[in-house]
Every structure is written in C-alpha cells, then in structure tokens.
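Here's the structure, in structure tokens; my notes come after.
Which chain is which? They are A, B, C and D, in the order written, and residues in each are numbered from 1.
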Amino acid sequence: MRGWRALGLLGGGAILLLFPLFLEQYKLYLASLTLVYLILAIGLNLTLGYAGQISLAHAGFMSFGSYAVAILGPLGVPFEGGIIVGTAIAFLWGLVLGFPALKVKHHYLAMVTLGFNIIVFLVLRNWESLTGGSFGISGIGRPHWGPLRFLSDRAYYYYILGWATLVVASAYWILHSRWGRAFRAIRENEMRAEVVGVSLRNYKLMAFAIGSAYAGIGGALFAPLLTYIDPGAFTLDRSIQFLMMVVMGGLGRFEGPFIGAVVVTLLPELLRASEGFYLIIFSLAVILMMLFMPKGLVAAWDWMVCRLTRRTVSPAHPPPPPEPAAVLEPE
Amino acid sequence: MPLLEIRQLSKHFFHLSALSHVSLSVEPGELLGLIGPNGSGKTTLFNCVTGVLRPSRGHVFYQGEDITKLTADAVYHRGISRTFQLIQLFPEMTVLENLLMAAQERTGTLFTRLLRRDETEETDRALKLVEYLGLSGVKDNLAANLSYGQQKLLDFGMALMPDPQVILLDEPMAGVNPTMIKALVTHIQDLNARGYTFVVIEHNMEVVMSLCRRIVVLSQGEKIAEGTPAEIHDNADVMDAYFGS
Amino acid sequence: MRRQRILLVLAVALVAVAGMVLPASAQNVKLAIVAEITGGGAPVGAMWRDGVSLAVEDINKKGGILGRRLETFLMDTQSDPPTSVAVMRRAINEHPFAILGTVYSSSTVANMDIARQAGVPQITGSESVLITQKGNPNIFLTSFTQQIGFAKLVRWVAEDLKAEKIALIYVNNAFGRGGREMFLKFLKDRGKSVVADLSTEPQQADFTAELTRVRASGATHLMIYSHEEENARLMIQLRKLGLAVEPVGDNLCAQTTIDPGGEAMNGAKCHVPMTAASPVPSMLDVGRRFQEKYGRVPDHNGFKAYIGTHMVKAAVERVGAFDQAKVRDCLHNNLFTAAEEPGLLMDVYVDDKGDTDRGSFIVQVKNRKSEVIKVVGMLGGPYTKRACR
Amino acid sequence: MTDVLQLFVAGVSIGAIYAMAAIGFVLLWQTSNTINFAQGEFVVLPAFLMVLFWTVFRLPFAAALLATLVVSTLLLGLLVKAVLVERLLKMGVLPLVIATIGLSMLIRYSLQQFWTPLALPFPALFSRAPIRVGEVIFTREELMNVLFAALVIGALQLAIRRTKLGWAMQAVAQNRNLAAVLGINVSRLVGLTFMLNAALTAVAAILVAPVYLVKYDIGIGIGLKAFYAAIIGGFNQIRGALLGGLLVGLVETYSAAYISNQFRDAFALIMLIGVLLLKPEGLWGIKEEWM
C-alpha cells in the first residue's frame, strides 16, 4: 500500500508539474483557480470537517489575504510579505471569532460567522480610503523574486502550486499529529473528548484560526490571479460556495477538499450546454447528494480505490452501535 | 483528608430536582459502591463531579481543592477519569486510537502535542492495556464495529489509560456476559490492590456486595443510606426505595 | 448608389466562389456572447443575450457582414467575476471575431485584459467609469459611461428643471456609487451640491429612514439611483408619506421599475439613454420585434446589445475587412451614423477611450408608461466621420 | 419627534413581517432541530403561487388564497418533510443545513428560470390611503400587518401552552427520545409542524408581497432577517419571534436614520452577536439544558 501511495504521489506531482506546459490559457487558469480553491477548502475542512465547527465566514477571512496583497503591493511590500500579513490578520480574527464558537452551539455558530462575513463585507465596502470601496482595487501585481517574475499565467500557476503544496503538506502534518486526533475526537464525540482531557477551548480556537489562516493564504493568491478584486467577491454567497465545496468533497477526509475543489471548478464546464439551468442542476445535485451520499463524493472515491487495489476499506457507513439493552455477548 | 469530597451537592433540571444536598467522601485507595434505583441521580452525580454538568448548588473537593466549577478537561487533568453508562467512544477511531486519545492530553502542552511526534511510550502502554483487557484481536478495528461487551471494555480501558488516581465507573457490568463480568471484577480488584481508587455505580447487587467495602445509596436524588454491604442489606429504607412500599 | 450595387454583386459573387472553395463553417464569423446568464445578474444577462441574438438575426437576414454570416456562442459567467475570467478565456479559445459582454462592471474589469491580450475587440454593456479609466484600447462601451450619462442628466436637472435643493438616494454598490460620484462632481462643476446624500442597501425593503431625512432636508427634487425593484419600493413609500419632492432619475423610468411600482411611478422624470418609447422609428421597431420574439419589453440592456452588435458591423464595413486590429482602431475617435447603418438606431460617437456619446431622451411616467418629453443631443461634438481603410 | 414616531411606525411594520417569517424558524427548531435556510424561499414561493392564482388565473381572492395555502402546505410542508427531512433528520444538523441551502437555491433559480427574473407587482390587500394621527402617517396596510403578526403569534403561543399538541411539541423540543418513549409520534409531529410552517409562510407571503414586491431573490433578505429575529427573540419560544422581529425592524430603521446609512445592516447583526454571547437562549427564550 505504501508503495502504491508513493507512486500515486509521484505521478500526481509529475502531472501537476508537467501538464501546464501543454495547457492552453483557459485550462491553465482553471487549474490555477482549482488550486486556490483547494487551499481555501482545506482550511474550511480543518474547521468544519475535522473540528466540526460550521463557518460561514470563510470568504471574509479570504478577503483579508486578498486585500493585504492588493493594498501592500503598491507600497513596495514584497508579495510574500502581503501573504504573511493577510494570513496573520485572518489567523487573529479567526481566534477572535473562535471565542463565541466556544460558547454557542453549531447553528448559532453558523449565525455568528454569517454575521461576521456580512460585517466584513460592509467594512470593505465602506472603508473607501483603504479598500477602494465598491470600486475595488485593480491592477494587482504578481510576485517576483529578484529577476524571477511570476507574471505570465504559467509562471503564476507554478507559484500557486508551490503554496498549495506547502498548505497540503502542513495540513497533513497537523492532522497527523495529536492535534489531528483531538480534532477528530471533538467532532466524533465532543463530551467524551472533554472527559479525556481535550481542552475544547484551545483546540476549537486553533482549528478555527488555522482554517481561517489558510483562507487568508488562498485569498492572497486569488487576488493576483484575477488582478482585480472588489467587496462583491467576498460575500456570503462565496462562503456558501466553499461550504458546498467541502461538503461535496467529503467532510473530515483529507481527500475531500481535492475532490470538492475540482468538482466545483469543472462542473460548470461540464454543464455548459445547460445554459440557464446550471444553478438549478447544481442545487439539485447538492440535495440529492445529501440524501444519497451524505459523506460526499469521497465515498465514490473510496469505492474506486477499493476496486482498484482489491482491498477492503472501511465501509462508508459504519453500522450503528448496537442497542445497549438488546445485545449480550454470546456465551 | 478524603481524596474526593462532595458537599451538599444539588442539581436541578428546570423544576425537576435530580440531586439534592448529597454529601459523601471517598478515601484514598477505597472501592466505593454507589447504588440506587433508576433515576435516583447516580449518573448525574458523576456528571457533576467530572465537570460534564455544572451543579446547581454545593461543592466538590479533590485533594482539598474546590473543583466544582472546573470544566471536564480540567477535572481530567487533576487525575479523575470515568466510564459511561451509555457507552461514549470515538466511533470512527480504532481501538488503539481510542486508547491513545484517552492519554494524549495527560502530558505536555498544547504546542508540544503538535510538535512531538514520538508516541512509542503511549503505544506500548495502550498495547499492554489491550492485552490486559483481551482486546488484542480487535485493536485495529473501528470502535463502532466492536461488540457491545468489547465497547464496554474499551470504555474501561480508556478510563485506565491516563493512569488516573480516581476512576468513576458507571455501570461497567450492565449488558455484559457473566464470564466477562468475572474478568472485570478481577480487573477492578487487581487495580484497586495496586492503589487505584474506584467509585462504582452498579445495578448487579451481587457484584456490588462482593466488590465494595462501603456502599452509598441514592434515591430520588437524595442519599438515603451509607455503610458496609451488610448494613445496606439490612436497611429497611433501601429495600423500600428499591421495591416500593 | 450604383457603385454600391456593383460592389454588392461583386461581393455576392466572391462569396459564392469562396463558398465553393472553403468549407461552409469558415464563412461564418463567430461572435462570443459572454454574459450573466445565471445568478443575480440573470435579468440583465438575458436582455443582453436576446439583444445580440436579435441583431445577429437581422444582420444575417440582410446578408451578413461583408457577405459573411454571423454565428454566436454563449458563455455564462454565473454573475461571478472569477468565473467570468475563466469563460472569457474559454471564449477566446473559439477564436471569435469579437466579444459581446459582460454587463456587470466587476466582471468586465476583471476579464477585459484577457480579451485585450488575445486582441479580440470587446463590446461591453457596463457603464462604469472604471472601465474607460484603465486605458484599455480594446474595450468599447455600447452606451455612455456614467461620466457622460450624468453630465447630461445634471445638465437637464440644473438647466431645465432649475432644481436648487436636490437630495440624492443611491444604492451602495459599484453601480450606485459610481453614479453618485459623477452626480456630485457635475453638480459641483456648476457650483451646486446636494442637501442630502443617502446610501441604501441592495434589496432594502423599507426606506422610511431615508425618506424622513429627505423631508427634513427641505429638498425640492429627489434623485433616485438604485436597482429597479428598490426604485419601485422607494417610490411607493415616497407616495405613501406624501413627500413634496419631484422624483428624478435614470433607470427610475425603466419599464422594469414602472411595472412593479404601479401608480406610484406616475410623475417621475428621467434622463434615459434609450427607451422603447423613443420617437426614433427604428428603435420602436426593434422594441416591437424584441417583444414579439422574447415576450418582454426590451430595457436599455437589450438595446445596448442590439446596438453593440451593429457597432461591430459598422466598423468592419468601414474597414472593409475582418481585421481585428483595424476594427479596433476604427472604433476610436469615430462617428457612426444611423443613416449609414440603421441598426445603430442613433448616431454614435466613440471616443479615444472607448466611451460613447449619443443622443438621449427625457421621459416622464404617465399612466404607467414612460413618454418622451424631450430629445437631448450629444454631449460634445460636432464630430466627424473618419475613414478606416 | 414626528420623525421618531414615523420611524417607529415603519420599524414596527417591517418588523412584523420579519416576525411572521421567524415563527417558522422557531417551530421547526422546536420539533425537529431543523434550521431551515430555505425559510426565505418558503415565503417567496407562496407569493408567486398567489400571483399565479390571483392575477394570472384570475380566481377570486378567497379561492386564490385557499389554493395557495393548499399547494404550499403540500409542497413545502408534506413534500419537503417526506423527501428531505425524514431521511436527513437522523444524520445530525449539518446535512440538513446543506440540504436546505440547496433547496433555497433550487426554489430561487427555478423561479428565475421558469417564471421571471423580474419583479412582479402585487396588489395591495389593504388600503394605502394615508391615515394621519397628528403628523404621523400610517396606512391600513401597516396596521393590519402588525395586528396580524401579533394575533398569529399570540394564538400560537397560547395553543402551545394550552393544547395537548402543544404539550407534545414542547416535550419533543426538550427531549426527543423521551418524547418517543412517552408515546408521542415524533415523525408525525415533525410533519405537522412542517405543514404548519408552510401555511404560516404562505400567510406571511401575502403580507410581504405588496411591500417587497414579488421577485425570485427577495427570500435571501427575508430569510436572514427572520433568522436574526428568531435568535434575538429566543429560538425556543414563539413569542420570541415577535419580540425579535420588532427589535430587528426598529434597530434597522433607527440606526439608518440616526447613526449610519452605510452600516444599516450591521446594527442588527451586532445585536445578534451580542445576544448570542450574553444570553444565548435569546431575550425572551427559556434556558435549555441538555441531557
């Protein structure tokens, strides 16, 4: 299995590195956008999928990264400086917003974060001297290291790929530590987790803040991809889009955000013939998926992996624990 | 000084009183039984002690420290662990992971838990426990896929894993077959002999009478009796509470 | 006249010959419609799409451009700027001769550089000043920007209505804000200012807070600049509170505002770039045929799309070849007349930034219909035609 | 002073609309722990149905109202409960949240695509002739909206307190398993509240439509404001919806008039976040304790 995984990783890496050389502009852009969405989805998966905290403020956190690079770039701050500032702001606001997360239950948290996203939008729109207000900021520059410039779409793709790799690796590193286990424990049984000493406060704050920080990174890479941002890019609708992405991919699974990001960027392309029906089909798909594949598309992925490697994986739906009174050990 | 002392503890849900003015103390190394009919407040008492519920009135002291208002994780860090009447596991983790989870927060700080990767020591301990409890065969199975008895044992193992000083067992024998009950009783006595303090809620009178040297009886949220098994056995109030008058 | 006919015959002959030599598809000229088909911009995008389709049908009926038929393909931006960038690239892959769209200015600002890099002329329905300020030589507006529109509107409010105390209510997004900046700027140029400057939210339902402030300001005229339904709600509440102000606006008199607003809309006066009720016969005709075909009265976006498609035609014909660089060049600092190309509906001048100048109308809502009360000439000029060959 | 009173009238009448939509949130939460993100669209769809029956098919008002009530109760009550809620209820909060978000998009974009993306007029049900009390102007329409909301909420609050059905609802709200043990048919009760919600939103739709006009996307705003109202007032008490709705309406109106237009949407949100942090059960709710 280990060999398979290494092979897959190598193959995937080679494809990601080489195929842009043969891609036309349009597909290159889609690939870049997918990578940016992947970073954002990984962040939300950490917050929601692993630590079980619903966040409808992801687009708000994303805006911190986008505006940081857009505002600091013209002031001569290197691009990476902008990313760091934006990510730090997102992280800190994640901590601040994480506090109510401790006190309130899931659906209330949805409201708090939703409210936060709307307030962020209002501030971005109304603070004209800093953010350019409704008119946004255009001509956002792309990064350069000395003579090495990531100006062309292809070069910028590689730049995004670098960051995406970093994010994926760091998320993997976090999730395969004791933290990752604690996050899963909280999601699976919050009360039990607390009884085995998991500080809900610390872990929830961290999950929220790190998830938000990833959104900051994603946002910072998003702005130069479009070269233009305005507050309308960071509305509640986009937060919901990320939510859908993560849920469609598969919550609390490492593969989830990969599948979600690819599907959400490629689906419109597949459904192009449907013209005005795209959103109707999309929303129907979401409902059907919740009904018949609530674990997300990752369940289909598991099935494929299972078929390919002819190996039994744990079923997507573990059987419910037996009823206490009814079951006795056979003698 | 008692290890664990409960003073005048009360708990209300809405207008219903689940516990009223319960006081009891647990000495170091003791094996205390807690009995009472259904709904007499035993589990609520455990919940109040371990920080799962906040008591309405009264205090809980542990080694002289007032732990009434601590959250559950802080209580755990003091060295109190527990099991649950309705099994509470991490269903999508393996047996081994459940055990590791039960111990990982005991040492280090938040950040060393991210940075320190080595887990050989804990894994060794978990493997020993798995063997001790007879779960070796299923150690890599998901907790959700275990049989009820195995889940009970795992719950018990999770309580032992952090090497606590006081272990609160909430009906460890309920729904477990007689062979396993014997094994569990032996485990508990064995551990008690090694210095662990136990408080056991149990419905199986036979087990309680043979296991514990002191028993506390709750009924309708109040403590109605306390004494040796023999004293409890002869107490008219207790019989009343159980069988009605 | 005679020469034209000879040319026509020649052209037809040429096309016939070419038709035998070339595969059929090579004759057709592709136009990309990139628009807001789904999402919040759908009403706008649908008008735009249908306007282009009607124009293409008309052009093809009359033999196409330089004898070549037009065909269109549609790209949906989902009203989302990042998606608009993606589909713009997708559209470029199909090698269209020109791009028609997008209408949302936040999308256009994001995607117009891509069309420029590909060298495909882009005709947009956006009206934001942001678009012409970028110095992009590849983008052309079909209607004037808010800069020119509001210059004409303020001239009318100040000179014809002689308004002294004006209050302004606008919607607080790029659209409303852009209008507000221009409105205030042109008032200031005339040494005036507003007595109340009030922002509202998109989708706002109750305007009492704003209207009480208008009342307190003592304004005699109220400039209303929001989206259609909000305009309608605002007017209903304005009538209810019995405010003694004269409502003026731009899209305030659009049929899409009048329909939901009902009786409350009567009396509103507007400066509009184009209207289905225009006294221009060709405009009336297009409006009527649009309504027959698509079942709704075209708004300015429908007309803009119709005219934009004909701007491509007029420029190609003036160049005499399907040469994108020359067409782009031809569309700058140049006057195109309705006499030369009836599909333009009105004479139009395109300036060096791609902004347009054109005549417009003052309308008043009477009996739930807007009636033209005055035709306004171009803002600048007189302009002259420039040859492009 | 006139302005203060005039704004009060406006805040209360828009607040009554929020309150009407908020009741449904409370009902569904109580019996099924469902957060219905499609609540706004649950108001919009009946409004469109009413347009269909009344102005397109030209049925008499009462018949149109009845038809709207029946269709929306069947569609948004029975069908949604049978298809979506029945299955998803067992899987926890999140799948249902996502599914209702999906449902809201489905209703919204279907109306846009198959009906019209434009706003439709809706005849005023009550006279809009201004009634003057001193300098303050209000209309019968506003008066009726407020009266109606107060009446419906009062009646429901009473019904829940006094009837057996209400008692069952309260039992389910507090402990679903216990309620099942007590012999309450939880599934049927959930179905019943969904139908009740659908009927209520249909009534709300008829009050909302003349003010908001009928457009496919107005549900977003109504749903959000109703959500704020339910949380601020108290998610577990019907009466909370009334208080919350009025508060949101008043805060919005007064802050826009006297503090800041640009941030008018922020004030209700700040109040919401404050309530969640300081009194999570809502201003007029009852503290719940689990287990």
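By our rule, a residue touches a chain if its C-beta (ideal position, glycine included) is under 8 Å from a C-beta of that chain, and two chains touch if they have at least 3 such contacts.
As the structure is a prediction and not an experimental result, all values here were calculated from the model.
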Chain closest to the assembly centre - both centres taken as Cα means: A
Maximum centroid distance from subunit D, chain identifier (CA atoms): B
Subunit A-subunit B separation of Cα centroids, rounded to whole Å: 40
CA centroid of subunit B to CA centroid of subunit D, Å: 46
Numbers and ranges of subunit A residues touching at least 2 other chains: 125-126, 276, 279
Subunit B, residues touching no fewer than two other chains: 52
Residues of subunit D whose C-beta touches two or more other chains: 109, 113, 262, 265
Interfacial residue positions of subunit A with respect to subunit D in the complex: 48, 54, 100, 103-104, 106-108, 110-112, 114-116, 118-119, 122, 125-126, 240, 243-244, 247, 251, 276-277, 279-280, 282-284, 286-287, 290-291, 294
Subunit D contact footprint on subunit C (complex, rising order): 38, 40, 42-43, 46, 172, 198-201, 203-206, 208-210, 212-213, 215-216, 228-229, 232-233, 236, 240-242, 256, 259-262, 296
List of subunit D residues in touch with subunit C within their complex: 3, 6-7, 9-11, 13-14, 17, 109, 112-113, 117-121, 128, 130, 137, 139, 211-215, 217-218, 220-221, 249, 252-254, 256-257, 261-262, 264-265
Of subunit C, residues touching subunit A in the complex: 37-39, 42, 46, 74-76, 78, 81-83, 85-86, 89-90, 92-93, 106, 109-110, 113-114, 128, 130, 134, 172-174, 176-178
In the complex with subunit A, residue positions of subunit D that touch it: 35, 83-84, 87-88, 91, 93-99, 101-103, 105-106, 109-110, 113, 224, 227-228, 231, 262-263, 265-266, 269-270, 272-273, 276-277, 280
